[in-house]
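Shared chain: chain A. Partners: chain B in the first complex, chain C in the second.
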Partner chain A sequence: MFLTMKVAFRNISRQKKRSFLLAGAIAFGMMVITLMNALTGGAVINIRDNFSHALGGHVFITGREWTEAGQMIMKIRPDANLDRLLEENARQIEAFTRRSQAMPSLIFGSQQTMHLLYGVDFSEEDRLIDSLVVVEGSLAELGKRDDIIVLPEPVAERLGVEVGETVLIRLETLTGQQNVGEARVAAFIKDQEELGLSAAYTSRANLNSLLGMEPHEYQILNMFVTDLDLVDQFARTFREGLLSPEEAEEAEDEPEVTVTVAGMPIDPGTRTQEVTPWEGTRYQVMNINQIMEAVELVVGVLNRVGLVIFLILLVVTMVGITNTFRMIMIERTKEIGTMRAFGMQQKQVKRIFLWEAVLLGLLGCLGGLVIAGVIALAVGSVSLNTDPSLQFFLNNGRITFSLPLQDVAVNVALVILTSLLAAYWPARAAAKMSPMKALSSHT
Partner chain B sequence: MKKVRFLTAVLLFVLAAGAMVQAGDFSHIEAILERLDAQSRFDGSDFSAVLTMIVEDPEKGIEKMVVRQFRRDDGERFLLLIQEPVTQRGQGYLLEGDNLWFYDPSSRQFAHTSLKETFQGSDARNADFGSNTYSSSYEIEGYLEGTLGSFEVYIIDLKAVDETVPFPYVKLWVTKDSNLVLKTEEYSLTYRLMRTGLFPKYTKVGDVVIPVQMVFIDELVEGNKTQISVSEISTNDIPDHVFTKAYIERVNR
Partner chain C sequence: MAIVELESVKKVYTLGKAEVHAVRGVTFSIEKGDFASIVGPSGSGKSTILNMIGCIDQPTEGIVRINGTVTGGLKDKELTKLRHETLGFIFQSFNLIPVLNVYENIEFPLLLGKNRRSRKETREWIEFLIEAVGLADHMHHKSNELSGGQRQRVAIARALVTKPEIVLADEPTANLDSKTGQSIIELMKKMNSELNTTFIFSTHDRSIMEIADHVIQLLDGLIVEDSKTKAEAGSIS
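For the complex of A and B:
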């Protein structure tokens, strides 16, 4: 085997230009698919990170309850069961935050603007505080006073407010009543709109009082988990742990949906869903993977498109390889005859051809990976000041590339397989050649 | 010393008397509120009119809106169809009991909305286009007697008893003789003045008295004001189909 490999390598080296062109064609295809996969892989990671950053966690728990007046509101009260789950799973939780949120009108003089406002407990929001880039003012007062607000710079500009001045916060309570509060502007922060993070921040106690909630209540529990691979399982633990017996019963009673269109379940008929009010709080547990499902679906389609392009390139290359090997076979007819006359087996002749194809494929893969790596490094080092909406796909304004090793292995295997397939028939024809005829040939 | 004691006693008496007005017998004020509600309802007849709204906003400037209103208080129904500006023509609000629907002809979709919401970004709220519910939605916290311009009025402090109304606290200036609301002040849950309503002109339509001029002033955003004038008032019967979603869709075809 080693001998056939050695001969194959020598054959490739003999025809440098031809080998270079063949390997180059393979390298081009490999480069395209590698860059495409790495680009989408990097984008998925960036989107996931940016989403986590924007939403403040990987797992999100919200609570709903009914008021006496029959209105459903979103809030979480102190709950021993939830505390127990947090304690039991503390090892898997890197950090967690409890927030309230609203979309109030922020008013200063004759100017007003609607903006997302988070009510946060600054004592448990180290990550947030670290991520805020202060443009003017200071975050020193956060956690010491409740009636302060941190505004994104563009919001402050829109309102024409200065640090130290007081803005009005107009919103509706959870039950829909009008309410107004005041907050002194502590600082302007750099807007992170590109990350979907354009939010103002005030203390949770302040926002809660305006929303008609108690200071210790909140609306969303966000958790960062230590291992993202286990996020689904982690979320399931909380989902099951927070399920009330009534909810479990209702879930069992629900008829199973059997009709699907394009893999998506649909109801057999139009069904008006009536919500029966319940006692206490019902929780909803979401995780980042559920949010990412749509993104990953698009990325999956892109990757499949990339794979199709790659396969087309491979087929074209395969035709080239087949033709080249047939030519090689004709060129080496006498050489094959001599080798056969000196006792080389048919199998060995075939192997030489096949090894040549494998080596060409490997060289092409290596070349493609190296070129893709160089391009990725070059492109990744450029900081892009593009459209803010594009920033969501980037990591601090840079394109990042990420390609799992198994994807590389699959691509390399595909190249080797197609190269072998392309060289198989010329190799078989060469192997079956009669030594007598080969030696008497004029080529 | 005696003089001081006497003055103190007088002062205490005056304060006690004032407190009695605040915490005492509100039955006649309750009766006034019931009258206010009753005289704003078209029981047994329909009502239609054209509302012309001038919305002043320091940022957007002055905008004019023309809205045709159809109202049937038996069954708590109303339909508001926007006629001007042209860009919003065909948009409509349909109240069916507790449900208020907003129709947008561009999307041909109905969206659920609330009486508590503002009307088309103006300073009026959807609830302003229906009958009053002072007696059922609010309880009296106190009242004073005073004057507003040349009118003798009761100044009544109300607190919402439930969360069906947008403003938790309301102050009413009601004329003593004719029981007409001349002015309202609406407050937030933190008791901050949010909106002032002025009702300088009324007209009598059968047994019902309705304001034909209204001014709503946003007390939080300087310069925000909406004036509404009511014209083409009619109490003719309105066909039942007018208060349906199908009708809004049809008038837009």
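For the complex of A and C:
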């Protein structure tokens, strides 16, 4: 094997220009697929991060209960079981926040607008405070007093309100009664409305009082996990840990639960079947991966398109390799005859050609990966000032690239396999050549 | 003891619709240690006979026996093994492998089969051969950096590296000037004497055939003369 590999390697370096062109064609295909995979891989991570950021976590727990009047409301009360789960899994939790939410009418003077409002405990929302980009006003008062509100800039413009003025908050309590409160505008923040996740923020105590909830109650428990790869397992632990015995029996018949983050159900598969009231709180646990499924579906399609392009390029390259190897076989006829005369077996002749194909493929892969790496580095270092809607795919305005090693391995294996396939028939023909005819050839 | 035996060997080629009778029925034997020359004009069947002895072609009729093995009916794998273990080749146009240097070209046949020598022994043997053919200063040169005569010396060393019983040389001096050709034949003779390797070479050059101790003359695919005049060993330095 060493001899055939050595001869193959020398043969490749014998015709440098030709080898360069062949490997270059392979490298181009490899570069395209690598960049495409890395780009979509990076976009998925960015979208997930941006979603997590906007939604305030990776795992979201909501609670539902029935009132005495037969209304289902969204509320989480202090729960020893939930506290136990939080304690037991503390190592996997980077941070958690407890929020309330509503879709109130914000009123100032004669203007009013409906907007998502989160009630947050600012003392546990460091991440949120860090991410808010203040356009006007200050966040210094957050956590010090409850009756303040932070508004997205476009909302403030629609209302015509200034920092320091007071807006009215009109909403329905959890049980459906109208309620009105007020809050002083502390700051305007840069909006992320293009993400569909634009929100105003007030203290949880303030929103809870308007919704008819106790200050220590909340509606959503958001958790950031330390290891995103384990997020499904982590969510399952909570889902199973929070399941009541009655719920476990019903679970087999029930479809996957729906969660209402940002005031709207995220899962389009909202249940329409009749629900039998239950006692106590029932929890719904959702994680970022479930939200990302649709995104990953699109990414999957993109990657498949990339793969098809890659395969087309490979087929074209394969034709090139086959033709080149036919030419090589003719050029080296006498050499093959000599090697056969000295006792080289047919399979060894074939192996020389196949090794050449493998080495060319590897060279092409290496070249493609290096070029893709350089392009990724160059593109990734540029800060893009694009349309705001594109920012969701970016990380701080930069395109990021991420490519799992297994994807690289699959692509390399594909290239090698294709190269081997392309070289197989010329290799076989070379091996089957009669030594006598080969030696009497004039090439 | 005959190391090569041909009995009523015929070889017919088909060229389109025409049949070419390259060898029309030859019988001869070559003894171990012979320095044999097959001579004759172009088209007399010299190369065809060498090809059949070299197991790279098969007779249409008759028997070719190499070192006691009848080659007819052997499969490609067995013929290749027989070539590797018993035969060495020297070609008219040298046929060195261009991507390998002198040392590697000579080493090449050893790498094709099971080499029972240690790495050190192998190296010493190859270096001995390189020294013997007078190319010690060119060990790491590629074939395109050598003259015709030097290339043929490499080819001789390569043919001898597996210590074959028989070395076949098809017109080894045809591409060389007469002085270089003479020196190559003398080198082959020297190796024949020192290693007791049987050399069979084809030529149409009368001046070099005289060195041979066994001359087989061909004309139109038939033997016209088969004469043996054993030269004294070691007469050529």
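Note that the second predicted complex is superposed on the first by the 415 of 443 C-alpha atoms of A that agree within 3 Å, B and C clash if a C-alpha of one lies under 4 Å from a C-alpha of the other, contacts with A are read in each partner's own complex, and residues count from 1 in each chain.
Methods note: a contact is a pair of C-beta atoms (placed from the backbone, for glycine too) under 8 Å apart; a residue touches a chain by one contact, two chains touch by 3 or more.
Owing to the predicted nature of the structure, the values given are computational and were not obtained by experimental measurement.
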item	value
Side-by-side fit of chain B and chain C on chain A, or clash	fit
Which of chain B and chain C A:109 touches, first, second, both or neither	first
First, second, both or neither for A:344, with chain B first and chain C second	second
First (chain B), second (chain C), both or neither touched by A:181	first
Which superposed partner A:335 touches (first chain B, second chain C, both, neither)	second
Contacts of A:71 with chain B and chain C, given as first, second, both or neither	first
Partner chain in contact with A:3 - chain B first, chain C second, else both or neither	second
Degrees between the directions from chain A toward chain B and toward chain C, using C-alpha centres, nearest 10	160
Chain B versus chain C as contact partner of A:439, first or second or both or neither	second
First, second, both or neither for A:172, with chain B first and chain C second	first
Contacts of A:14 with chain B and chain C, given as first, second, both or neither	second
Minimum C-alpha separation between chain B and chain C after superposing on chain A, in Å	76
Set of chain A residues, in rising order, touched by both chain B and chain C	none
Chain A - residues contacting chain B, complex	67, 69, 71, 107, 109-112, 168, 170, 172-173, 175-181, 210, 212
Footprint of chain A on chain B - complex, ascending	58-59, 114, 116, 160, 162-168, 186, 188-190, 192, 194, 220-224
Chain C residues within the chain A interface of the complex	51, 54, 56-57, 76-77, 80-81, 83-85, 88-89, 91, 93, 95, 97-100, 108-109, 111-113, 158, 162
Residue numbers on chain A that touch chain C, as the complex places them	2-3, 7, 10-11, 13-14, 334-335, 337-346, 348, 434-436, 439
